[in-house]
Amino acid sequence: MSDFVLDWEREKRTGVAEAVLCEGKSVAQLEGILAEAGERRLLLTRLDEEKLAKLAANFRAGLDFDPLSRTAFHGAPRAPAIEGAGVVCAGTSDLPVAREAARSLQFAGFAAPVIADVGVAGLWRLMKRLDEIRAFKVVVAVAGMEGALFSVIAGLVEAPVIAVPTSVGYGVAAGGRAALRSALATCATGVVVVNIDNGYGGACAAIRILRHSAAP
Amino acid sequence: MSDFVLDWEREKRTGVAEAVLCEGKSVAQLEGILAEAGERRLLLTRLDEEKLAKLAANFRAGLDFDPLSRTAFHGAPRAPAIEGAGVVCAGTSDLPVAREAARSLQFAGFAAPVIADVGVAGLWRLMKRLDEIRAFKVVVAVAGMEGALFSVIAGLVEAPVIAVPTSVGYGVAAGGRAALRSALATCATGVVVVNIDNGYGGACAAIRILRHSAAP
Amino acid sequence: MSDFVLDWEREKRTGVAEAVLCEGKSVAQLEGILAEAGERRLLLTRLDEEKLAKLAANFRAGLDFDPLSRTAFHGAPRAPAIEGAGVVCAGTSDLPVAREAARSLQFAGFAAPVIADVGVAGLWRLMKRLDEIRAFKVVVAVAGMEGALFSVIAGLVEAPVIAVPTSVGYGVAAGGRAALRSALATCATGVVVVNIDNGYGGACAAIRILRHSAAP
Amino acid sequence: MSDFVLDWEREKRTGVAEAVLCEGKSVAQLEGILAEAGERRLLLTRLDEEKLAKLAANFRAGLDFDPLSRTAFHGAPRAPAIEGAGVVCAGTSDLPVAREAARSLQFAGFAAPVIADVGVAGLWRLMKRLDEIRAFKVVVAVAGMEGALFSVIAGLVEAPVIAVPTSVGYGVAAGGRAALRSALATCATGVVVVNIDNGYGGACAAIRILRHSAAP
Amino acid sequence: MSDFVLDWEREKRTGVAEAVLCEGKSVAQLEGILAEAGERRLLLTRLDEEKLAKLAANFRAGLDFDPLSRTAFHGAPRAPAIEGAGVVCAGTSDLPVAREAARSLQFAGFAAPVIADVGVAGLWRLMKRLDEIRAFKVVVAVAGMEGALFSVIAGLVEAPVIAVPTSVGYGVAAGGRAALRSALATCATGVVVVNIDNGYGGACAAIRILRHSAAP
Amino acid sequence: MSDFVLDWEREKRTGVAEAVLCEGKSVAQLEGILAEAGERRLLLTRLDEEKLAKLAANFRAGLDFDPLSRTAFHGAPRAPAIEGAGVVCAGTSDLPVAREAARSLQFAGFAAPVIADVGVAGLWRLMKRLDEIRAFKVVVAVAGMEGALFSVIAGLVEAPVIAVPTSVGYGVAAGGRAALRSALATCATGVVVVNIDNGYGGACAAIRILRHSAAP
Amino acid sequence: MSDFVLDWEREKRTGVAEAVLCEGKSVAQLEGILAEAGERRLLLTRLDEEKLAKLAANFRAGLDFDPLSRTAFHGAPRAPAIEGAGVVCAGTSDLPVAREAARSLQFAGFAAPVIADVGVAGLWRLMKRLDEIRAFKVVVAVAGMEGALFSVIAGLVEAPVIAVPTSVGYGVAAGGRAALRSALATCATGVVVVNIDNGYGGACAAIRILRHSAAP
Amino acid sequence: MSDFVLDWEREKRTGVAEAVLCEGKSVAQLEGILAEAGERRLLLTRLDEEKLAKLAANFRAGLDFDPLSRTAFHGAPRAPAIEGAGVVCAGTSDLPVAREAARSLQFAGFAAPVIADVGVAGLWRLMKRLDEIRAFKVVVAVAGMEGALFSVIAGLVEAPVIAVPTSVGYGVAAGGRAALRSALATCATGVVVVNIDNGYGGACAAIRILRHSAAP
C-alpha cells in the first residue's frame, strides 16, 4: 500500500479539488503523487524552482508553473471562469501570496483579478480603486506588516473580507504574527482570517462562498 | 461634542448594523449611547447582568436581554428571518459564544438554528446531525479546547466554515489559543477564522456572505 | 533614611516633572510621598478610587482627581497652556488612556484637545476631523484592538504620531498586544510607540518634543 | 576520562536501550561513541546523510541506515518482533517522524506497522483503516498542522494514544506548536503526548507499555 | 432537543466512562446533566464548593464529593480495585491534582496509592520510596515548578511515566508552562505528557494502559 | 497596470519621501521601481550586496550604496543639512542599524552625527560624550541585548529619545525582543520606540519632529 | 504517612534551611507543617495576612510576621549576623521583594541592609550610594519594569550581582518578563538571575556564596 | 574617532577583563579591535573558524584558538591558576558551552575542571562524581533540553550553582527556552542563571565570586 492516499472525492464532497503542498515532500514523493494522479487535475502549491527542476521531465512537462506564486497546474483550469472574487494586495512584497490565491481561484474555474499596492500608508491608492473593489462578491485581502488594510477595507465594502496575513516584515512583524493578530482583532466586522501566507486557503474559502453559499 | 460617534450608516455601507461592545464601557457611557440611539436599532454584546441592572430603568425596559449570550436587542429583530446559516457547537461550555452568534444573526434578520454538543471525542454525535449541517449555506462552528471540530466539519461539508474558537479550556487551551491555532492551521480547506469568543464576528461574516456574496 | 527618593530635579534635567505611579504602592507609601512633596507639584497616575478614599483627608483635599483617567494633580497645572499637541482616540473604551495623556499634558502646561471615536471601521469619522488633526504639531494617538488607526493617521498627517496602544480588546487583542505590534510594525513612517496603556508616557514624549525639540 | 559516558545499563534499568541523538554532535564525537560501543547495540537518531558520509568507513559499514527517518541501527534489531504497537500517520510529510517511531520500535524488538495518510480532512481514509487501528494495544499517532487526528482517533479506539506532533506546517503551525497544543488540549481521553518530532520518544513510551505495563 | 449530548457509550468504546468538566458550566447545566444521567455512573471534575452548594439538594445528596481534588462521584466506584497504577507527587501544593488523578482511577475501578512530597530538591525522599514506585505498572507523576521530577523518575523505573505538570509556581513557572516544557523536553525516555493540571487525563491514560494494553 | 504604485506625493503629505524596503523584493521588481522613479529621489533600505550586484548596470550606476547600513541613495541628499538630530549607539554590532538611521536622515537633508560604543556596561564612555548628546534636539538611540541604554540616556537629557532596539544578542535577546521590551517598559520618561532594527523608522520620526513639530 | 516530608537535613546538606512557600497551601496544610516543625526553625514565605489570620492562635503566636514582605520567622534568626550581603532596590514598588530577600538573609544569620529607590531614571540617586554598594561582597539587586538597574550596577561594582526581577510594571512589563529578560540579556558581566519576585531565592544564592564560596 | 571604545579599565573596576563577542562583528571590525588591543590581553568569544581564517595572518598568529568552544586567547592566561570553580555538563552536545565557560575561567587565572556527561537520565553517572563536585566552591552547571540537572545538583551540594542553559534540544526545547525556564523555576535553592549558551557569562560570575566575594 502506498504512503499517500489522495482524496479524489474531495472536490465532490467539499467543492474544492485535491491539492498538494509540496513543501516538506521529497521529489520522489511528488513523482509518486503525480503518477497516481495521471489524468486527474491537481494543484501544486509551494513548489520551489529547485524541486521542480529535479522532477522527471515527463512530470515537469505536464505542469503549468508560475514562479512568483510557486504554484503549478497539473491539468487545465476549469472554464469558463466565474466572476465574483477579487484579490487585493497591500504591497509588492505580498504579491507571491496574492498570486497563490489568484492562481488557486483560477484553477478552480474562477476569475481572480489582483489589485496591487494599495497599502494604507498612502490611502489615496486604495480610494482610487474602491469602486472596483466594491464590485466583488468576496474579497481576498493580502497584507503583511501591521495588516491595517484588512480593517480599512472591511469598513468600506459590503462583501466578506477574507484576510490572508503574510510573513512580510521584520522585528515584531516577522513571520506574519502582527498582521495575523490585526486581522483577528479587527474593529471592523466581516473580516475572516486564514493562516499566514495561506493564499491557497483564502482562495478555497472564496470558492466555497461562491460555489455553495451563493448557489441558488 | 460627545465622546462617541455611532456609525449609523454602517448597515447601509457594509450590510451589518452598528453594535456596541459593552465590555470596557461604563454605565454612563452605555446610557449615553442608548440615548443617542433613540429609536434606531442597536445590538449590545458582552453586556453582563450587573451592568444591565445598573442601567436606568427606561433604558433597561427597551432591551431584550439574553443572559447566556450576554446580548441585548435594542429594537426588534428584522423579519422575516432568512434561511441559510447554521451554528454548530462542540460542547455545553461553548454555548454562550454559539448563542452570541445565533442572536446576532437573528437580530440582523437571519434564522440561526444551533446544533449543540457534537464534539469529536464522540464522533457519532456529529455524524447523526450531518444531514442538517450539510443543508446550511454557511456554517458558524464554535469550539474550544483543541478545536478539532473545525477540521472535521470542513472535511464533511461544502459550505464555508467560519470557525469561532472559544476560551473554553485550561492549561495550554486557556484563553482559546489552542483552538484558535487549530482553526488557522487546519489541514482541511474552506475554514476561515475570527477572534476568540467572537460569536458576533462570526455572525457578521455569515451575514455578509448571505446578504452580499449570495445576492443575485 | 526613607524608602523613596523623589527626583525633584527631574523637571529641570529632562523637562518633565516627577510623577508617581500609584499602582503597586500602598496607601502608607503614597501618604509618605505626598508628605515629602509638600508644596511641590506632583502628578499621580493609576490612582484608583478605593485607594484615593483611603488617603488621609488632608492629602485627599490637596488633590484634583479625575476618575476616568485615574489621575490626580497635586498642585495646579502650569499656565498658560501651550498649544501644539492633540490626542486622537479610536473608541469610547480607549478614553481613559486618552484622558491620562491629556491630563498629563495639561498638568505640564500644554493644551490637549481630545478627538474621540474616530476608529477606522468607519473611516468617514476620521476624515471629518482631519483638518483639526493636521493642525497639531504632535499627535498622541490612542487605540486598542488591532490598532489600525496608527498607520492610517500617520499616512495622512505631517506631524510625528506617538502611538499609545491600549489593552482594549479580547482574544488575541487582550492586554493590548495586537495594537502594540501593529504600531511597531506599521507600514507608515513617523509612528513611534510607548508601552500599552501608557497615556502618561505618550504625553511626556510630546512634552519633550514641544519643549525641547521645538525650542528656538 | 572521555567526554561521554554511555549508559549501558539503561536497557536493564528502564527497558529501553541507549540511543544517541546525532544532531548537535560532531563526527569525531560520533566516532568516539561508536568506538566505545563496540559490539553493543546502539540506535542512532537524527543522523543526516552528510554526517553519515563523513564517518570513517569501518563505522559506516556497521550501520543499517534509513534516510527517510534518519535513523541507523548499530547491531541487529531484536528478534522475534513482538506484536501490539501500531503507528498511524496523518500526511505524507509526517512520514519521516512516523518512520523514526517505527524503526525505534523495530530495533527494540517490536513489530511496528505504519498506517499512513489518514488525515481528518478526508475522514473516510481513517474510517477505512479503523479495524486495523483498533487491533493495536497501543497507538503511536503522528500528525502536524492542527493535529486534529489525535482527538479523533482517541475517540474511536480503546488503546492509549501516544501523540507525536510534527513540525509540518507553516504560519501558526510552524515548528509544530499548533499540533502540540492540540494534542495536549484534546477533548478526548487517553491521549498522551511527547515532544514535537520525537518519534523515538513515542516509540520508547510504547515499548515501556508493552514490556512493563503489559507484563504478566 | 437538549443542549448536551452525553456519550454514554464512551466507556464501551474507549474504556473510560463519561465525565463532566464542571468548570465553565452553569448550575442549571449541571443539574440538567445529572438529571439525564439518572442511575448511570458519572465522574464530575473541577467542581468547586460554591457551585456544589448551589445544586439542588437531591442532586447534591447523590454525590460523593472530595474538596481537595474538587471531584465528585455520581454512583459508586467500580469494585474490586485493580492494582498497577501509582501516583507520585512532588510537593504539597501539587496534591489537589494528584488526588484528582487518584480519584479518577478509583472511580474507574483501579487502586491508586499516592506517594507525596518526593521533590528532587531533597533527592533522598524519592530514593526512600523508590522500591514502591518501581512496583507500579504505570506511574502518574505530578509536579509543578521546574518539573525535574519527571526526568529523574523516568531514569529510575521501567514503567511508563505519565507526567501531569501542575500550575504550581510563580514567575516563569506560572500557569505550569515550565513544568510542561520540562516534561516534553525530557532527556529521559518513557515520559508522556498530558495538559497542565489534568489529573483526570493522566488517570484516563493509565486506565487505557491497564485495561487495554495490558489485556491478555 | 504595474504591480507597484509609488507614493510620490508622500513627501509633500507627510514630510518624508518615498523609500523602498528591498528585502523581499525581487531584482526585477527593484528594476521596475527604479525605472519608474526616473529622476525622482528614492531611498533604498535593506539592499544586500548580492542583490545590488544583480541590478542592471545603468541602475546600479545611479546608486550611492553604503554596505554597512545596506542603504542606497537614488538621487542626491538634500542640502544644506539641517542640524539637530544625533544618533547614539551602544555597541559595535549595533552600527549597521545606527548607520541606517544616519543615512536616512542625511538623505532627507539632516545632519546626523553618530556617537558609537557608549554601552552602559562601562558608564564612563557615555558620560564622556554627554555634553555632545545633550546638545541634540532629538536623539535616536540604537541598542540591542538588554537595551539599558535607552533608560539611562532618557534620564540624562531633555530631548525626546527615539529608541531603535536591534536584533543584536542571543538567547533571550535573540531577534531584539529583550531590547524592545526594555525600551517600552522604561522607567524613564520621554522614550518612544520603533520596530526592531528599524533605523529608517527612527530617522523618519526624527525628521517629522524637526521638520513639523519644530517648525515656527 | 503524612502528605508532606520536610527536609530537615537541607541546611546541613546545602547550607540553607528548609522554608515553606505558603502560596498554594491550605491553612490545614500549613498547620500540619508547623506542628511537625515543633521547635525547629522554619522560614515561611508568601504568607498573606488573611491566611495568617486563619491559623490557630498557638501557631500564629510563634511567628514573627512582616506584612510588607509576607514572610514569617518560626524560631529566631541566627546570631550574630554576618556582614557582606546588600540589597539594592530600584523603586518603592519593588520593596516587598527586596524585603523578602533581606528577611531571608536575616533569618539565616546574615546582615542585609537595603538601599532603596535608586532606579536609573535619576542616575544621581545610584551614584550617591555607590560607595556603600561597592563595599558589599555580594549584591542582591531588585528591579521591575525594564530592569536597567542590573546592567548599570554590574558595570560599576566588583561583586557578583544577583538580579531579582520583579513583577512591577504593566503592558510589556507585566508579570516581570521585561525585567527578567533584561537581566539575562545584560551587556555587563557578573549578573546572575533568579525567578521573578523570588527574593528568597536571591537570598539563598547570596548565602551559599558567603557561607560556602567565601569559606576559608 | 573610532567606532569602538574598548573598556580597558573594566578588569580593574569589575574584576573581569574586556572580552569581545565576535558574532555580529565583521572581520574588519575585529582586526581594528585587535590592533587597538596591541599587547593588552583580550578574550574572544563566538569566533567561528571561517571568520578566524579571514583575519590577517599577523592577528591570527597571536591567537590561541579552541574550535570546540569557539574562543581565542589574545595574550596568555593569567598564572598560577586559582582553584575553586568547576564546570559540570549534562551531555556531549553541551560541551561547547561548557568549554567556553572553562576557557573563560582559565584565561582569567582560574582552574576549571570539566565533569562531562552526567545528565539525570542515568543518575548513577552524577552520583559517581558527586564527591568531586562537592569539593568546588562554585559550580558552573551546563545543560540543555529540560535542564533537570540544575535542580538535582543544587539539592546535593553546598556551593552556589550557576546554571548555564544551552540551546541543545528540539521542539519545545529548541533555542534553550525549556532549560532556561527550568533553571529559573527550580524547586531547589542556590541556583542562579545566566543567558542561554552564555558560558562566558557563567564564568564571569564565578570569577566575581572567587575574586571578590571570597576575598579575605
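Every chain is named by a letter (A, B, C, D, E, F, G and H) in the order it is written, and numbering of its residues begins at 1.
Here, contacts are C-beta pairs under 8 Å (C-beta built on N, C-alpha and C of every residue); 3 or more make two chains touch, one makes a residue touch a chain.
This is a predicted model, so every value here is computed, not measured.
Minimum number of contact steps separating chain D from chain H: 1. Ranked by separation of Cα centres from chain C, the top chain is D. Comparing contact pairs by residue number, the interface of D-H is reproduced by A-F among G-H, A-C or A-F, since over half of the pairs coincide. Distance between Cα centroids is largest for the pairing of chain H with B. Distance between chain centres (mean CA atoms), chain A to chain G: 55 Å.
As a whole-number value, the distance joining the C-alpha centres of chain E and chain G reads 34 Å.
One inter-chain figure worth recording: chain E and chain H are separated by 42 Å, centre to centre, where each centre is the mean of the chain's CA atoms.
Counting only residues that touch two or more partner chains, chain F has 13, 121-122, 154-156, 171-173, 180, 184-186, 188-189, 195-196.
Working note: touching chain pairs come out as A-B, A-C, A-D, A-F, B-C, B-D, B-E, C-F, C-G, D-E, D-H, E-G, E-H, F-G, F-H, G-H. For chain F in complex with chain H, the residues that touch the partner chain are 92-93, 95, 116-118, 121-122, 124-125, 168, 170-174. The touching residues of chain E, counted against chain H in their complex, run 90-91, 119-123, 145-148, 150-152, 154-156, 169, 171-173, 177-189. Residues of chain B that touch chain A in their complex: 13-16, 19, 84, 137-138, 154-160, 162, 180, 184-186, 188-196, 200-201, 204-205, 207-216.
Residues 1, 3-5, 7, 9-10, 13, 21, 23-25, 29, 33, 165, 167, 175-176, 180, 195-198 of chain A touch chain D in their complex.
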